[in-house]
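Worksheet: the structure to be examined is printed underneath.
Chain nomenclature is as follows: A, B, C, D, E and F, assigned in order of appearance, with residue numbering initiated at 1 for each chain independently.
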Amino acid sequence: MFVDMPLEQLRNYRPELREPAGFDAFWERTLAETRLHDLAPVFTEVETDLALVRCFDVRYAGFGGHEIRGWLLVPAAAEGPLPCVVQYIGYNGGRGMPHDWLTWPVAGWAVLVMDSRGQGGGWRAGETADPVGGTWGQVHGKLTQGVLDPDDYYYRRLYADGVRAVEAARAHPLVDPSRVVVSGSSQGGALAMAVSALVPDLLFAFIDVPFMSHIRRAAEITDEEPYAEIGRFLKNHRHRLDQVFATLDHFDGMNFAARNTTPALFSVGLRDGVTPASTVFAAYNHHAGPKDIRVWHFNAHEGGESAQVAEHLKAARDLLAGL
Amino acid sequence: MFVDMPLEQLRNYRPELREPAGFDAFWERTLAETRLHDLAPVFTEVETDLALVRCFDVRYAGFGGHEIRGWLLVPAAAEGPLPCVVQYIGYNGGRGMPHDWLTWPVAGWAVLVMDSRGQGGGWRAGETADPVGGTWGQVHGKLTQGVLDPDDYYYRRLYADGVRAVEAARAHPLVDPSRVVVSGSSQGGALAMAVSALVPDLLFAFIDVPFMSHIRRAAEITDEEPYAEIGRFLKNHRHRLDQVFATLDHFDGMNFAARNTTPALFSVGLRDGVTPASTVFAAYNHHAGPKDIRVWHFNAHEGGESAQVAEHLKAARDLLAGL
Amino acid sequence: MFVDMPLEQLRNYRPELREPAGFDAFWERTLAETRLHDLAPVFTEVETDLALVRCFDVRYAGFGGHEIRGWLLVPAAAEGPLPCVVQYIGYNGGRGMPHDWLTWPVAGWAVLVMDSRGQGGGWRAGETADPVGGTWGQVHGKLTQGVLDPDDYYYRRLYADGVRAVEAARAHPLVDPSRVVVSGSSQGGALAMAVSALVPDLLFAFIDVPFMSHIRRAAEITDEEPYAEIGRFLKNHRHRLDQVFATLDHFDGMNFAARNTTPALFSVGLRDGVTPASTVFAAYNHHAGPKDIRVWHFNAHEGGESAQVAEHLKAARDLLAGL
Amino acid sequence: MFVDMPLEQLRNYRPELREPAGFDAFWERTLAETRLHDLAPVFTEVETDLALVRCFDVRYAGFGGHEIRGWLLVPAAAEGPLPCVVQYIGYNGGRGMPHDWLTWPVAGWAVLVMDSRGQGGGWRAGETADPVGGTWGQVHGKLTQGVLDPDDYYYRRLYADGVRAVEAARAHPLVDPSRVVVSGSSQGGALAMAVSALVPDLLFAFIDVPFMSHIRRAAEITDEEPYAEIGRFLKNHRHRLDQVFATLDHFDGMNFAARNTTPALFSVGLRDGVTPASTVFAAYNHHAGPKDIRVWHFNAHEGGESAQVAEHLKAARDLLAGL
Amino acid sequence: MFVDMPLEQLRNYRPELREPAGFDAFWERTLAETRLHDLAPVFTEVETDLALVRCFDVRYAGFGGHEIRGWLLVPAAAEGPLPCVVQYIGYNGGRGMPHDWLTWPVAGWAVLVMDSRGQGGGWRAGETADPVGGTWGQVHGKLTQGVLDPDDYYYRRLYADGVRAVEAARAHPLVDPSRVVVSGSSQGGALAMAVSALVPDLLFAFIDVPFMSHIRRAAEITDEEPYAEIGRFLKNHRHRLDQVFATLDHFDGMNFAARNTTPALFSVGLRDGVTPASTVFAAYNHHAGPKDIRVWHFNAHEGGESAQVAEHLKAARDLLAGL
Amino acid sequence: MFVDMPLEQLRNYRPELREPAGFDAFWERTLAETRLHDLAPVFTEVETDLALVRCFDVRYAGFGGHEIRGWLLVPAAAEGPLPCVVQYIGYNGGRGMPHDWLTWPVAGWAVLVMDSRGQGGGWRAGETADPVGGTWGQVHGKLTQGVLDPDDYYYRRLYADGVRAVEAARAHPLVDPSRVVVSGSSQGGALAMAVSALVPDLLFAFIDVPFMSHIRRAAEITDEEPYAEIGRFLKNHRHRLDQVFATLDHFDGMNFAARNTTPALFSVGLRDGVTPASTVFAAYNHHAGPKDIRVWHFNAHEGGESAQVAEHLKAARDLLAGL
């Protein structure tokens, strides 16, 4: 059943921003610190049984100079420079195997998949460690790791890694740096939303059923994972509400959206209990760039699946045609 | 947790066959009747955004001469003849969209995907009708449609469609008829198992977590869908046990396995509640051809997922190397 | 808990009708086509251990001339003509056994129970086939069978069978054609609602917790079966919303109610998640004939059970007294 | 799925009895005490809309002289003396309304339905109080009320009421005292089992999916209600195991079965989690009289439902024919 | 997720009272009848391994003169008179063991724990019987025991026992009768709320997540136990709504709150499905004495747990400091 | 229901040990490395409202020299040296507040509660960080953190912290170093089991429903948390089985038990799905010191609760008496 507001209301849902003082400074500082480390991208071609594509193992220095892994796939015959999609991954998943990422190269694009540090245990295996230890009292899961201070919070590192993934893609000779698109679903959508706000010259963003948007509301209206991690933490650490939400405001997709001018295609499922529709529209309605949204009426967090991929392919074709 | 026998016991589990009198005659008759209709394969190339592959909408006459749909994908540059995988689909799913089927063409193979008649409502959309009406008293779902008589049973039509899918693949000029492999997971595995027994000259079969094997046992030991449909039917039609199982014996993967000499790679999940491990090993241990099996210890019905795809690609490479 | 609007609001809930163009013509055409086939009712007395009643196996030609089965029970000593209840059955159920239908004959009435074609697998065994095959992409269950076109839709056949059941009852010499009542709960209530709109000269209708009313709203506000079948279909066939609801509007109880002048007694459970109270009141408030409704405050889809039977018996007594 | 032993094993399952010392003396004393109170049966005819039957409200003195209620229904034309079924009710249910009990009178029998004291709150309303207060520490529900001492235990009163129900039936002029049958399902089956052991001259017993048999095993192997009440009590009252089971042994159907020579028809569902099949067979295999059992393979606690009613009617016909 | 109104709305939620005529007279009569029996408190010191405290087994005459049990714990070195907390227990629990009640004596207070008659089966063992038998038709559980008449209702006895517990505490030489506080959570909170309204000279009340407040609303908006017992009763006894709620109004915490001038500290969990926040605020906002409330945002019925104990200890310190 | 072997079988269940080569050397090295850091215990008295006890905030250097926190409580009047219980905490919990730990000081003992690093988010708040970062691919939760290498595994640090907790207790002037007991339930039991094997001169160990014992079996037979974390990891990291279990063998309670000569009292719940009874008996039956076990028949992972506390108090009294 529909678990949030009716569609007409969603289309106009534009909750007041809770932007913390120093939001921009926080992110400038974060990226500046990150860039103190040399990006040091390494692309090592790997053998596969996939005759039509070439595949590279990717390593580069993310936040703190920590090694982040990924894959880069390109059409086997490509001589470049190619337009490139930087792909972010949903919560708990990892970069998996090269044959998990064939759509974009078959469509003629390069794709760089970024592994999520410390994740990849839940459904698609990851291989990137997060060498930063935990602070006290956290609930299992990433959503409360370091949540008492924006500087310690897990997503500070992850978003910074995401910005660096664009830089890594641009460092490869087969990639055209002027035609980079970010894309992701759920946590991947949160990354695409943040990175396209933090990196000024991206071509486009695909933001599907994004996580980490209007987080206060999400923590109150849904019991589904992973937003439920916040409630579990606060159930136990009863006197930390203001502190926790003050941290989370630094990572809220609405705040990124309001300063994001990258053209973007969103999608939303009206029955989504994981990233409820109102939290998606909260970001969409604040998005400051050209935008459109696909509404899937009877879908939950799976959103459009193959049908949304078709929307991506069509939008990508139009993008290239328009250049 | 593990929901069936321990692995050592599974490796030796070889239950007595319950082969109905006239099993072979039933299938000979079924295929003969099917072949009274002209196969009439039609391949219509469709436009996609997938530069590296060509895609064809497929239609051919299945059981009863009814129109069955599918996709055929080949590498864009292929001049053929190519080795070809005929791909069958799991319960409730359909052929979906062309970009759902990129792995095999990217590996240099043709792939023909067969839509399952009357299915495609559950997870990946299908478009093939089943024009045969239902008999009385069925439970919702295909597993009890016509189950009171082998001639009326839904899977008679589906398996015959599966045999015809191989014939359709072989009818395409880019496909090498001597190098056809069948593949499928769950219901797709049941089809691969039956078709590779009914079609004598296939190159290989990929049979993953197959459904429709050792059906009597499955109906007793699991409550998960879709085997549970049998129990629901018999809960209500209390006096039909013998009749129902007499029908099902005509479609049991164990009976096909015992006469199947096609080389095959199976896979099984030891925590699979949908197609319990003992029902998979029952078929595997009876399989009369060269065989191997991948055992996924902590996996349920998802089996090996990407890791199993890697096994397929490796086996496919060895196959071609060995020819 | 209460799962819908408060009672005061329900009493005034009268949503706008979404009557498709040609609604009446569609049903006139449907019944005209049905009546091209001879009704051909056959009543075969069956032996039972039930000394106080006589029981007949009933067969007649429903939609498409297909054989529909049922039971007719009358008091053993009856010489007729008797008032008669035509009884329709809930989703998944069938006509069962004669001793399932004793209340009305013990009260001195005839009762004709209509089997639901293609159902009877879920809880009370049925024996009537639906010889019409499925169209593509359906979800398991009847609610999406043929839902892309009103002419193909399962409920077109079922409602037409329901009209013919009245004609069959009237064809029996022990039944008084001028005193026929229709009755049913859930899907049976949907049938009673449609038939009493389509057959002009019925004495009364018992419409308990009716299904198939205000279907668009039901598909949105409840996740319970069987309305959930619609959502599952649309989850998968994402581009078919308008087409599906355009079909369903031809079968919506609200549209029948607005043209139904048969006196009727409804019932509703305020905690009903299967046929939510607002969808029942939507039909009730549009009903154009004399009407009353029993409200069961703390009941779900079971509604009034024995207490509602008592209401039926009392209303039946008053009906006969009033004649 | 099947939740207990395979059928072959069940047919021979005959666990050792745990008969407490003084079992027979306990029940002799219980009935003697009960009979100190005058039975005082009162039959008050009630008006109904059920033309073919006559119905009487029944009251009589059960255990402790407490008023027990019931219904007596007979064919309207009956002049008697009729064979009579004394009907007991499942856990949580009550006598309901007269039209709930039409099958036996329609078949030409009298039926006396006994209300269960202190029950009737769960599904079919009851109206008989249990004036005896609770002892300490009980879990909600009847299964632990007074369980620390056989003299205080709820089922002592209920079984004694059941014996008195037979006496009440025999006291009515339309009932033939030599042709009384007891019948019940679940808790009703427990009553039928106990009463037919305690009353020597009954004609027959219908014992369907009986409760209160092999109670120690049931408490260990099932988590379903109501046996789960025992486990909840012992979870909390950790040092009372022996005391509790010593009480329960006085009420265990196996102990009654071993001294029960009344001819009986049992039934069992192989998927029954409420009264697991092994606990039913434990009683059946110990039953000392002529016996038969209907095995419903794919049924849970609902057992045979209408199909079992058909078995009852057939057995009843044979009974009368055999006299 | 939050399961009731937003906090701002809760703070002003003050539903109209439904005070039955004769509310005060009913309770005066109840207490007068109770006091006809001699209180007869007996304190028997028990040996424990708890060196720092002394423990007494408590017995006194509650409603009807029935024996109620409890514990009294005091610091081992106490010479009195001490301030004393009278502690009531949540639904299904009992007085347990002495070492379950150490907090107050360690803080220098006496504590008298009252066992709840007929409870103590669910989680902490109790030992107090309720010798009053049940009336007809009750649902398992205390909430419907005698609910058809205020005089018969279980909570009449329990609340009267609660008043007597204060009298028993005051009868002990180590307790200072002028410094008695009542405390309880859930059902214990209902008791604290009622007793502090019925006993005029208490020092303070701790009322945590109280049960039995705004009962009509609770029965409608939550499906959780134990309020669900009311709905189950009314589901079955469909014609008793007004009668049942007329009884419950005599026991509703809102009615007690409106005449309660004892200073009180409440607590509430905004995610509490057992005693929903609006029902707690309904009592709090009507409370006529000095008051405060702790709001636990992300907690359900567990409320503040240790953090609420800390609030109690702090309030207790302030209380003593203020005297 | 009982979820493991019958009790008679459990009493003799003594599975073969899987002791990795170098087990003792691994732990010697681990402790030696830990002790390179100065223990540096700091006890800071904190103000509470608990007049009868004194409470100290505890900090000391655990594994890696990382700061571990805890509480030390002693009777207010104690002049020492006192016998002391070192208390470990269950999975997800933390040290909470001082009033959570009153039982032992009220009984005249000192108690030192050790916070579990990086936990305390689940139910009782903790405050100790784990500064060691994660390795790749972990599942949320501690059970897979660093599980690919014994040196990296979380429990290496935690067990070493546990050994240091004993050293910290012994460093306090009010504690008698020769009379230290370790105690814990679930993960606390795992710690008590490991520490009492690693520290040679402890007086006694209370080991309740211990976790981390016979881990391979637990991972296979239960789906409950937290053992389920292992299965989730291996579901995803399909090729790491041997590596993961090779690590876990270094932390398996059976291996500690076989070299543990500390007298111990165990407890077990026969319905425990979290730490199944066979895994508890596996450790108990291998335990090399004097031992006894309390068996709770109808209890799950809650085990004996207050009744087990009573067993502890009694055993503690006997311990002191015996000295």
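We take it that a contact is a pair of C-beta atoms (placed from the backbone, for glycine too) under 8 Å apart; a residue touches a chain by one contact, two chains touch by 3 or more.
Note that this is a predicted model, so its numbers are computed, not measured.
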{"item": "Intersection of the contact lists for chain A and chain C", "value": "B, E"}
{"item": "Distance in touch steps, counted as few as possible, from chain C out to chain E", "value": "1"}
{"item": "Farthest chain relative to chain C (centres taken as mean CA coordinates)", "value": "F"}
{"item": "Fraction-based call for chain F against chain B, same above half, different below", "value": "different"}
{"item": "Euclidean distance of C-alpha centroids - chain C vs chain F, Å", "value": "64"}
{"item": "Distance between the centres, which are taken as Cα means, of chain D and chain B, whole angstrom", "value": "51"}
{"item": "Distance from the mean Cα position of chain F to that of chain E, given in whole angstrom", "value": "37"}
{"item": "Whole-Å gap between the CA centroids of chain A and chain F", "value": "39"}
{"item": "Contacts with 2+ other chains: residues of chain E", "value": "124, 232, 307"}
{"item": "Touching pairs among all chains present in the structure", "value": "A-B, A-C, A-E, A-F, B-C, B-D, B-F, C-D, C-E, D-E, D-F, E-F"}
{"item": "Of chain D, residues touching chain B in the complex", "value": "1-2, 271, 296-300, 304, 307"}
{"item": "Residues on chain E engaged by chain F in the complex (per definition of touch)", "value": "48-53, 75, 96-97, 99-100, 102-103, 105-108, 124, 306-307, 309-310, 313-314, 316-317"}
{"item": "Interface residues, chain C side, partner chain B - complex", "value": "92, 94, 118-142, 144, 232-233, 236-237"}
{"item": "Contacting residues of chain B [partner chain D, same complex]", "value": "219-223, 231-232, 234-235, 238-239, 241"}
